[in-house]
Structures are given as C-alpha cells and as structure tokens.
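You will see subunit A twice below: alongside subunit B first, and alongside subunit C after that.
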Partner chain A sequence: MRKGPKLLLLAAVLATLAAKAQGPTELHVALYAANPEAPAPPPNWEVYQILRDKLGINLKFTMLPTGADGDNRLGALAAANDLPDLFEVRSLALFDRLLQQGQLAPVNKLFPQMPRRTQVRYSDPRRNRLVSVRDQIYGLQERVTLSRQYAIWVRKDWLDRLGLQPPSTLEEFFQVAKAFTERDPDGNGRNDTYGFGGVIDYDTAGILPGLGLGNHFQWVYGAYGVAGTWNYDPRAFAANLRDPNFRRATEFIRRLVEAKVIDPDWATLRRADLRTRWQQGRYGMFFESVGGLQAGLQNFYANNPNAELIMLAPPKGPEGKSSMGTYSSAGWLFVVSKRAMDSGKDAAIARFLEWAHSGEGYYLLGWGRKGQDYILVNNVPTVNTQVPISVRGSYTQMRWLAFNANPIEMRGRYPEITVAGRKFVMYQLMEKAQAQGNWINRTGDVAVKAAPNQADIERYVAENLVQFVLGQRPINDTTWRQFLDGLRNLRFEQYEAAAERTLREYGYLLPTPTR
Partner chain B sequence: MRTLGQRLWRYRGLYLMLLPGLLYFLVFRYWPLWNAQIAFRDFQPVLGVWGSPWVGLQHFYDFFNSYYFEQLLRNTLVISVAKIVAGIPPAVLLAIALHETSRRFLSRLVQTVSFLPHFLSWVIVYGILLAVLSPSDGLLNQFLQAFGLEPIPFLTSVQTFQPVVVLSEVWKETGWSAVLFLAALLSINPALYEAAAIDGASRWQQVRYISLPGLTGVLVLVLLLKIGSILDAGFHQIFVLYSLPVYSVGDIIDTWVYRQGILNFQFSLATAVGLFKGAIGLVLIVLANHLARRWTGNSLY
Partner chain C sequence: MARKILSRSDRWFEWSVDAFLVLVLVITLVPMWYVVMVSLLPFGERPSLWLPPWKWSFEAYAQLVGQPSIWRALLNSVILTVGGVFISLSLTVLAAYPLSRRDLPGRGLIVGLILFTFLFNAGLIPTFLVVKDLGLLNTYWAILLNGAISVYNLLVLKTFFQSIPESLEEAARIDGASDFQVLWHVVLPLSKPALLTIGLFYGVANWNNFFEPILFLSDRNLMPLPVVLRDILTGLNVAEYVEGSAAQAAPAEALKMASVVLITLPMLLVYPWLQRHFTKGVLIGSVKE
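For the complex of A and B:
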C-alpha cells in the first residue's frame, strides 16, 4: 500500500474516534424504497445500534415511495427548505431544480474521506461530469447496477405447436404474432390469445426512456436505427423523430395494431396489468425485464404448466439494424443538502457511506440479517426465500447504497432457481439480455436539461404517435409533416439546439453510436 | 343588553363546537393565502416566500400561453358542466324515489347500495371499468361481439372517453348526492302531503307540487357550490382514467398542473393556476348567487 491511502485511512479512523468522543451526529437519510412490497426497517434494526456505537451516527431513515409520489415528497421537502442530509434523487428535473435553487452542496470534499468507495464508484470523471457545474460535483453519481435487462420473451411451446421458428426480423415477428393471435396456439378452442403484449411505459430502471411510445416499443425503433430521443451522429444531430425511419417504425407498430395482434388494451394498461396477463398465458410474445420474469415465473407456470419461454434477440429491420433499446451508464444518484454540509455533517456522511460500501455495512444493508434473510454459499449471498419478501425486504431497504454490481453480487441477486421442475439461471439470462440486445448507450441524455415546457413536448410527441398507431389519424406525407411542423409551436428547435450544445460540450456526440 | 363576553359565555358550548371548524379554515384555507404570493414570485425555498424575487404575472402568462391552454380550459369546462347537468337529475330522482317508497326496508337497502360506490377509490373504479369496458375481454364488449358487432375501445376513444368519465362519476356519486336532497324532502311538513291527499292529489301531483318545490332551495345551493368549483373537473378520476389516446379530450387544467407544475417542481406556476381557478370560481359564484336570488329568491348568502 502506498503512503497516501494509508494516511487517508488513518485520518478516517481518527475522525471516527473524534466523532465518537463528541457524541453521535444526527444524520437524516432519505432513499426510495428498494423493496416497495415491504415496510421500512423496524426501530430495533441492528444497523441503528451499530452506527451509533461504531460510527457515532444517529441515523434517521426516511423511506420514500417509488415513482412520482416519492419525487413529489422530496419536492415538498425542498419547498419547505427541509431536505434530508443525504438523499436519493431519481427525477433529473428535481435535481436541476434543487441545483438551481442552491439547495445542494458540492460533494467534492467527501471523496477523500471515503477513499475505498470513491475509488470504486466515483472515479469516472465522465460520469461525475453529468452532475457537475464547473469544477464542483453536486452528486454521488453511481454507475448503473442494473441496465439492459429487458428482452422480448417468446412462448416456444406455442411456436412448436404451430410449427414456427423464433422470429429474427420484423416481418417474421409480424407473421408469428399473427399466427399466435389467430391459430389458437394454446389449443383451448377459444380466440383468447394475442401475439404481443407491451404497454406505454417510461420506467427508468434498466432502460432509458426517450420521447415517444415508451420502453416497450424501443425495439421497433431500434430495428430502424432510431431508438432513443437523439441521434448522436455529430454530423447529423437531430431528434430521431425527424428521421424518415422514425415514421417507418411507427407505421410498423400501426400495422401490428391494425392486424389486432397486440392486446387491444395496450394503450391503457399499466405494467402491473401486463405482468398479470403474460402470467395468465395470454401472450405469445411480451416485453419484460429479467427481474420481472423472475418475479412472475411461479404464477406463470401455475397457470401454464406446459409452457416454455425463450429469449428473443431484437428483431432486425429492413436494413439489418436491431436494438432492444437505449440505456444509461449512470445509475443511482445520491446528493447532500447544502444545510447538512454547512452544519458540518460531511464527515458523518462519508463515514456512513464508506461503511455501507464493503464488509459489515455492505452485507447488512445489501442482504439483511445473516442466517435469517440470507446465507453465504461459496461466498455467494443466497437469499432465504422461506422468509417472505414483505419481511426480509424491510432489512434491505437501503440496499442501493451498498450494491455495486460485482459478479458475485449479481449471482446472489439473480440466482439459479427451479420453478415447476425447470431450472432457470437468472444471472445467465441477465448476461444474455445485456449481450444480445445491441443496446445503445445514451448516457448523454442524462445531461440534457428539461425544456421549460417539457411536459407539453412529451405529451405532443407521445399523443401524436399514439393517434397514428391507433388509426385515429392516417399516416401519410401530409399528416406526418403536420406532426413535425407542430413541433415548432412548442419551441422544439430550441430544446433540440440546447440538447446538441450539451451533448457536444459533454463529449457525447461521437462519429459512430456508442454500443 | 348583554355584553359580548356575556354572550360568548352563555353560548360557550356552541362556540366551542364552532372552534374546530374555524381553526380548520384559518389554518388550511386562510393561512395558505399568505403563501399564495409565490404565484407572483420565482419561489426559491432557500430564500423563503418573503425573500423570493418578484416576477409579476409571468407564471399566469406562461399558463395562458401554454400550448394546450385552450384545450385544457375547454375539456375542464365540458367535463365539469356535463357532470353537473348529468349528475343532479338522477340524484333528485333517487331521493324522491326513496322518499316516496312505503317499504322502509327496500328504501334503506337501495340507499345503502347506492351509497357504496362513493367510498370506492377511483383506482378501484378503474379496475371495474376495465373489466366492463375492455375491448379484449370486457363484459360489455363481449356482449357486443356476441351480436357480431365490433368491440368499442371506450377508454381510448375520443368519442367515448368523456361520456365514460361523466357516467362513471354519476354512477359513483348519485347515492351520495341524493342524501342532501333526501334530507330536504324529509324536512317538508308532512301536513302538506296529508292535506294534498285529502284534496285528492295523486302521488305524482304530490311530487310535482310539494316535493319538487320543496327541493328548490337545496337545488340552488348545490348548483351554486358546484358552479364555484367549475374548474375542478375531478383530478383523481381523470388522472386514473386518462391515457395518451384521449389526452385531447381528457387532459384538464389539474392534470396539466400535475405534469408541468408538480412533476417539474414549478410550484409558483402551480400556485398561479390555483389562484386563477379560485378567482374564476369566486366571480362565477358571486354572479350565480346574484342571479339565483333574483330569479328564485334563494341564495347562498
């Protein structure tokens, strides 16, 4: 070990001792629920005691509801100038707003106080730049721990029954979807199946949403080379929706809708409804994450004991292009309130985060109670599924502070499971989804600031596309031109120009799209 | 003559009962008006309400000039007025029917059953609507298909969305709204019905000449209150039911404020829209109250 890190460690130990001598530091941490199906940790959670005894920290943990409710709660705390000391931000609009209002503190001075964590997680200058203003870094930008985990899953038993091959092109996809809808693939004599199930969804976990019809149809736009909001080609930068191929992809989705091979409820269904329906066995093909599949397999095989699922590579478009969608290499974002930094809580925050990074803290926050919630099998944490998630989930609500996506961790999170006598090696499925999806890196999107009328822009694009796809509007040269011309009234050019400036400044406009 | 103190002491029980209501209005209705000034400021939490810079009418200007302003206003008014027009007659009819029935058990049963939907959240109602109206396996569409008709996407069609919103509100709230009318009917002097019956009036004539006139005061009251909140078209309901295909007929002022103001943390903008709605409501209620007093002799104040 070199002398520098030794001194830093010594300083950290001395700081801990000094803090203990002064009495515990109150630390308010707010994170989104890692397990929304479980309550917050109980008051007698051993972590509270350990932090008090070993680190001199009196932890107060607030669990935020996931989704917009959690964002709104943070927004309300910000409006009351009562932000927690350390908290997670998932809404980039909120991050920008807090930054603009001066409610966030630069985190630069935390880095030397938590050397191990910083080295592993915050040493990528490009990722840090996403949350920087001039030389000051305003957030602990983690690398992504879960991305590119979505895929199209196909009922192989239905393919076999109808004598079909897994589709590899859009045209084959259409034909297979049609057969699944019209040729009674489950053999029950009823017309109750659909070729494809997907919904309009903009969830940010594992896939990066863009302007348009949401995550579940990115693979169609990917087949035409226009997945995501922006074209990162520096010589032809523009919003992808201006590309003629964007219209062609939209026309393909319209074709699926017109042929009635998509569940006709798709435009109103929520993700939970979609999950219920594929588990019931209504769809021959559906868009789902590996994690979502893992959670639903038990139900699926209870309803469809003879089914077999396979993962489909993203279908190729007319020019041979394919991609399951876009992703960002930036993951969870933790920030420190200015009030916390001003009141000298930086040392306590750094101690806490360094503790959560490895060893005791990592296992306690990431995996729960050893021997109860998990055991170590060949060093791989193995979750005790006998304890329901509604119980063990309470003890891992802060897991995102600990997890770092190392291979052993991924094996623990996506283990080998047996459902209805079938073996599923989930981490291998995850690796496969990541490898064969031709995913497109669009990390730069994270740096692009929202337009002042962002909600109107998002509505305009998505609403028009839905109208085209549902046949509420014809797609022809005139209507498509009207759609594109209408963007002018939303000052879309200014948004586009600002995005280009940002992406150039941050170095994301590369000669060829980053894979 | 008693002094104010003596009167307060004498009626202390009543004043005590009034206190929680007064406190509610002071804390939740009047105190926030002070903070409503952020509608005219660029609110910065660090600087506080008082320290945030003034921006005049900028947020109002942004709202009025937003791309969808006219559509939002139109949708809000259409849905709100339709709910009033379609909602009051069934409630009045139900109240009269409950009042007229001589079978108490049946009356109570119907009242309870018609009450229940009021206590369901819109999320649950959405689930029920999906089960009935879904084009894939909804009850109604299966019925249509059994007769060889094409399924209708009730929740995603611009033609049917507003009727679904209005009718689902009527279904959910009729029983609850009928309570007020039923109370008014019960307060009518029974001697009037007895006298009418002795004079040979039929049940229908009793309804027409005693019950309906007896409801006028409550009808005016209900109408005035609804007019006062005409720009509240039902955020929770629309938020749960609407989707991209029907934004053009379903997006209302409150859902826009949620997306643009709350989700984008533009609290000043959201407050400005709230003030705008309040001002319109105030003008309408004063106007309607004046007209109601002039035409019917009944009014709120």
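For the complex of A and C:
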C-alpha cells in the first residue's frame, strides 16, 4: 500500500473516533424503494444499531414514492428547504432544477474520504462530467449495473414443430412471426397465438428509450442503423427520425401490425401485462429482460411444460446492421443537499457510503439478514427465495447504495436455477444478452438537457408513430413530411442544436463540426 | 290501497322507462362485472366478461392479502377515513350553521372569503410549507387537517340548514336554549340526511386519498391502502432489479383488478346503508327555498 491511501485510511479512522466522541451525527437518507411491494426496514433493524455504534451515525431512512410522485415529493421538500442529507434522483430534469436552485452541494470533498468506493465507482471522469458544473461534481454518478439485459426470446419448441429456423434477419423474423400466428404452433387447434409480444415502454431498466415507440421496438430501428434519439455522427449530426431509414423501420413495424402477428392489444398493454401473456404461452417471440425471464419461468413452465426458450440475436436489417438498442453507462444518481454539506455532515456521509460499499455494510444493505434472507455458498450470496420478497425486501431497500455488479454479485443475483427439470444459468444468459445485443453506448444522451417542451416533443413523436404503425394514418412521402414538418412547430431544431452543442462539449462527437 | 288503472299509452311509457333504466343498469354493471371476473382470472385464461365458476382463481386476492404491509395499510385507511369524517363533519357543521343564520354580522364577507379559496387554490408548495411549519409532516394530522373542510360540502350544508324553519329554532330559544343547544338538539337531528350525505362524501374522499399521503408522509408504516396497493403492483414491474421476486401467482390483470375490488369493496358495503338518506340529503341541500 502506498503512503497516500494509508494516510487517508488513518484520517478516516481518526475521523470516526472523533465523531464517536462527539455523539452520533443525524443523517437523513432518502431513496426510492428498491422493493416497492415490501415495507420499510423495521425500527429494530440491526443496521441502525451498527451505524450508531461503529460509525457514530444516527440514520434516518425514508423511502421515496415510486415514479413521478417521488419527484414531486423531492420538489416539495426542496421548496421547504427540507431536503434529506443524501438522496437519490431519478429524473435529470429534477436534478437540473435542484442544481439551479442551489439546493445541491458539490461532492468533490467526499471522494478522498471514501477512497475504496471512489476508486470503484466514481473514478470515470466522463461519467462524473455528466453531473458536473465547471470543476464541481454535483452528484455521485454510479455506473450502470444492470443494463443491456434485454433480448428477444423465441419458442424453440414452436420452431421445431413448424420446421423453422431461428430468424436472423428482419424478413425471416416476419416470416417466423407469421407462421407462429397462423400455423397453430401450440397444436391446440385454436387460433390463439401471436408471433411477437412487445409493448410501448419508455421506462426499461438500463435502456435509453429514445424518441419513438419505446424500448421494445428499438431492435427494428437498430436493424436500420437508427436506434436511439441522436445519430452521434460528427459530420452530419441529427435526430435519427430525420433519417429515411427511420421511416423504413417504422414501415416494418406497421407491416407486423397489418399482418396481425403482434398481439392486437400491444399499443395499450403495460409491461406486467406482457409478462403475464408470455408466461401464459401466447407469444412465439417476445421482448424481455433476463431478470424478467427469471421471475416468470416458474409460471411459464407451469403453463407450458414442454416449451423451450432460446435467446435471439438482434435481427439484421437490409444493410446487415443490427442492434438490440442503446444504453447509458450512467446508473443510479445520489446527491447531497447543500444544507447537509453546510452543516458539516460530509464526513458522516462519506463514512456511511464507504461502509455500504464493501464488507459488512455491503452484505447488510445489499443482501439482508445473513442466514435468513441469504446464505453464502462458496462465497456467493444466495438469496433464500423461501422468504417472500415482501418480507426480505424490507431489509434490502437500500441495496442500490451497496451493489456494484461485480462478478460474484451477479452470480448471486442471477444464479443457476432449475425450473421444470431444466437448468438455467441466469448470469450466463445476462452476459450473453449483453454481448450479442450489439448494444450502442449513448451515454452522452444523459448530458443533453431536456427541451423546455420535452414532454410535448415526446408525445408528438410517439403519437404520430403509433398512428403510423397502427394504420390510422398512411405512411407516404406526404404524411411523413407532414410529420417531420410538425416538429418545427415544437421548436425541435433548437432542441437538436442544443443536443449537438452538448454532445460536442462533452466529447461524444468530434470537436469540429463540419456543417 | 286501490290499484291505479293505467291506460295503454301510460303502460307503454312506464315500460319504456323501465327498459331504459335496465339498459342504464346493465351499462353501469358491465364494467364492474368485468373487473370482478378478471380479478378471478387464473393463469392460462384470457380476460373476458364470463369466466365459469369452476375456473375462478382467488390467487390474486391471496397474493395481495398475503402481503404483510396490507393489513397495516388497511388500518391506516380506516383511521384516516373515520377520523377524517369525524373531524371534517364537525368542522363543516360548526362553520355551516352560523353562516346559515341571516343575522350573522359580516356573513357575506365570510362566505366570499371562503368562496375565494374554492376558486383559487394556493397550490402544492405553499400547502406543503404550511403543513411543515405546523409540524404536521409525517403525522396523520397532515392528512386529517389539510383540507378538512370542503367548501362545496360547506355550502351544501349551509343551504340545508337554511331550509330548516326558523320558527323551530325560535321555539327552542323561547324555552331558553343556547345557540349550541339549538344546533345540537334541534338542527342536527333534523339534518341527518344531509349529515350522512356529506359524511359519505368525506368518507369516500378520505378513503381514496392517494396524493396527500405520498406528499406529507414519509413513514411507510403510515401509508394508507391505495398507496400500498400501488406499490405492490409497481413491484411487478421491477423484475429486472429484484431477483426471485415478481414471481406472480396470478396474472397482472387479475392483480390489478383484485386491487380495484379490494379498494372499492368497503365503500360499496357502506353505501346501501346510507343510500336512502343520500338521495334525500343531496336533493334538499341543492335547492334554496
């Protein structure tokens, strides 16, 4: 060990001893519930006692309501100058607002006080830049831990029954989907199956949704080389929807809809509904994450005991391109309120975060009660699924402060499981989904500030595309031009220009524009 | 009682009215029926208007009721509803009665000020600041006291009180009754239909309250049923994050509809008991004589 880290460690130990001598520091941490269906940790949670005894911290933990309600609550707390000391932000618009209001503190001085955590999580300058203003870093920007876990899954038993091969191109995909819809692949004599199941979903773990039909159809746009919102082309930067290939991809989805190979309810279904339906065995192909698959396998095989699922590589488009979608390397974002920093809580926050990063804190926050919620098998934490998530989930509500996606953790979270006599090595499936998806890194999107009328822009694009693919509006030169012209009324050009400036400034495009 | 003899055209008219009402009834009941049917949906079945009883599955209910947090949430909802009705009704009566007296000095100004708050809401942040500065955050009082008086209900009750003949009150006063005794012994016994109606309005509003608990409460143990049910359903969507969870025993549609049934049922059970007062109360309160 070099001298610097030794000194830092010594300083940290001395700070802990000094803090203990002064009495515990009150620390209010607010995070979005990691397990929404489970209650908050009980008042006698051992973590509270450990933090008091060992770190001199009197932790008050509150769970933020999920979704926009959580943002509203944080907004109200900010207005009342009552923000928690350390809290999670999931909306970048809210982050920007809090930053402008001066409610957030730079976190630079936390880094030397939590060297191990910083080295693993906050040492990427490009990621830190996403939450920086000049030299000050205003957020603890974690790296993404669970991105790129989505894939298209295919019923191999249906392929075999119909004498088909897994599709590798869009055209093959269409033909297979048609056969799954029309040729009674489950052999029940009823016309009750669909080729593909996907929904309009913009809130999918680790995928950047982009403007358009959400994440479940990005693979179509990927096959035409236009996945995501921006093209990141330094010589001809533009929104992808201006590319003629964007229209071609949209036409392909319309073709799927017109051929009735997609569940006709797809435009109004939610993700949970989609999950129910593939578990019921209605779809020959469907878009799902490895985690979602793991959660649904039990039901799926109870309903379809002879089924076999395989993962499909993203189908290739006419020019041989393929991608399952875009992703960002930026994950959870934790921030510190200015009030907390001003009142000298930085040392307590750093102590707490460093404790949560590894060892005792990591296991307690990430995995819960040893021997009850999990056990260690060959050093790999193994969840006790006999304890329902509504119970064990209480003890892991703060897990996002702890988890860091190291290989052992991933093996624990996505273990080898056996369902209906079949073995699934979930972490290998996760690795496969990440590797073969040709995922496109679009981390720069995170730096692009939302347009003042962002919601209007998103709604306009989504509504028009839905009308196009549902056949409510023809797709031809005139209607497509009308669609693109309509963007002008929303001042889309300004948004596009601002995005280009930001992406160049942050180094995601070449510095010199050529147009 | 002698039966009234109707002409043929009268009978046709009555039948057509009956047929129309039956149609309205069916239109009203079909969505509710659908909700119940889907809540009983087993895996492998598709949602439909008719599910034979031998296929009914109560898994969705079992999964929801099996959540440890739901019973605590139910208790919270009951406390907020019962307490809310008591506080709101008491305060509304105490405000409506004096405002219904013509001899109250400055009555017009007071009603005008109250109406102002009806037309112009302070908004989320000022409300939050008031609740915070009163030290009510994270307590039931934040829900019970915030908006305890609904201006709409206050005006309905004020109008109802005005419809009570003043001679009754005068008779009580001649007997030596104070203002409070007049209210307690004369006005309130005559206002049962209106009180039950307004109480039901408050009860339903408190039972369904979703946003205020989210805004003012941070302790999950204080959250009422709608919030907890929403969180349970949200949990179905986070299978990417939570290993070994979201293994649904019932289809997502069934869980959603079962939560709708669970949240609606208590009010549906209470409603028939209050119905006859309810109709009378609303009608009387709506007409100024």
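Following the convention adopted for this analysis, the second predicted complex is superposed on the first by the 508 of 515 C-alpha atoms of A that agree within 3 Å, B and C clash if a C-alpha of one lies under 4 Å from a C-alpha of the other, contacts with A are read in each partner's own complex, and residues count from 1 in each chain.
FYI, a contact is a pair of C-beta atoms (placed from the backbone, for glycine too) under 8 Å apart; a residue touches a chain by one contact, two chains touch by 3 or more.
The structure presented is a predicted model; accordingly, all values stated were derived computationally and were not measured.
Asks: Aligned on subunit A, subunit B and subunit C: do they clash or fit?
Replies: clash
Asks: Going by the contact rule set out at the top, does A:Ala267 touch subunit B (first), subunit C (second), both, or neither?
Replies: In the superposed model, A:Ala267 contacts subunit B only, not subunit C.
Asks: Quick check on the superposed pair: does A:Ala80 touch subunit B, subunit C, both, or neither? Answer first, second, both or neither.
Replies: The answer is both, since A:Ala80 touches subunit B and subunit C.
Asks: Counting only touches as set out at the top, which of subunit B and subunit C does A:Gln280 meet: first, second, both, neither?
Replies: Touch partner of A:Gln280: subunit C, not subunit B.
Asks: Touch test for A:Asn72: subunit B only (first), subunit C only (second), both, or neither?
Replies: both
Asks: Given the touch rule stated above, what does A:Asn404 touch, subunit B (first), subunit C (second), both, or neither?
Replies: A:Asn404 contacts neither subunit B nor subunit C.
Asks: Could you figure out whether subunit B or subunit C reaches more residues of subunit A?
Replies: C
Asks: Looking at A:Ser358 after the superposition, I want to know if it touches subunit B, subunit C, both of them or none. Which is it: first, second, both, neither?
Replies: A:Ser358: touches no partner chain.
Asks: Let me test your reading of the model: by the given contact rule, A:Gln436 touches which partner, first (subunit B), second (subunit C), both or neither?
Replies: The answer is neither, since A:Gln436 touches no partner chain.
Asks: What is the contact status of A:Ala455 with respect to subunit B (first) and subunit C (second): first, second, both, or neither?
Replies: Only subunit B; A:Ala455 stays clear of subunit C.
Asks: Using the touch definition from the top, say if A:Thr169 reaches subunit B (first), subunit C (second), both or neither.
Replies: After superposition on chain A, A:Thr169 lies in contact with neither partner.
Asks: For subunit A, give the residues common to its interface with subunit B and its interface with subunit C.
Replies: The overlap between the subunit B and subunit C interfaces on subunit A comprises residues 72, 75, 79-80, 273.
Asks: Note which residues of subunit A are touching subunit B in the complex, please.
Replies: Touch list, subunit A to subunit B: 68, 71-72, 75, 78-81, 91, 93-94, 97, 101-103, 192, 194, 200, 263-265, 267-268, 273, 338, 450, 452-456, 459-460, 462-463, 466-467, 470, 472, 489-490.
Asks: Under the definition above, what is the set of subunit B residues touching subunit A in their complex?
Replies: Against subunit A, subunit B makes touches at 43-46, 48, 62, 66-68, 130, 134-137, 151, 153, 155-156, 158, 243-245, 247-248, 251, 256, 259-260, 262-265, 267.
Asks: Under the definition above, what is the set of subunit A residues touching subunit C in their complex?
Replies: By the definition above, subunit A touches subunit C via 30, 33-40, 62-63, 65-67, 69, 72-73, 75-76, 79-80, 82, 146, 149, 204-206, 270-273, 275-276, 279-281, 289, 291-292, 294-296, 298-299, 302-303, 383, 385, 388-391, 393, 412-415.
Asks: Mind pulling up the subunit C residues that touch subunit A in the complex?
Replies: Within the complex, subunit C contacts subunit A at residues 43-46, 66-69, 72, 124-125, 128-129, 132, 211, 214-215, 218-221, 227, 230-248, 251-253, 255-256.
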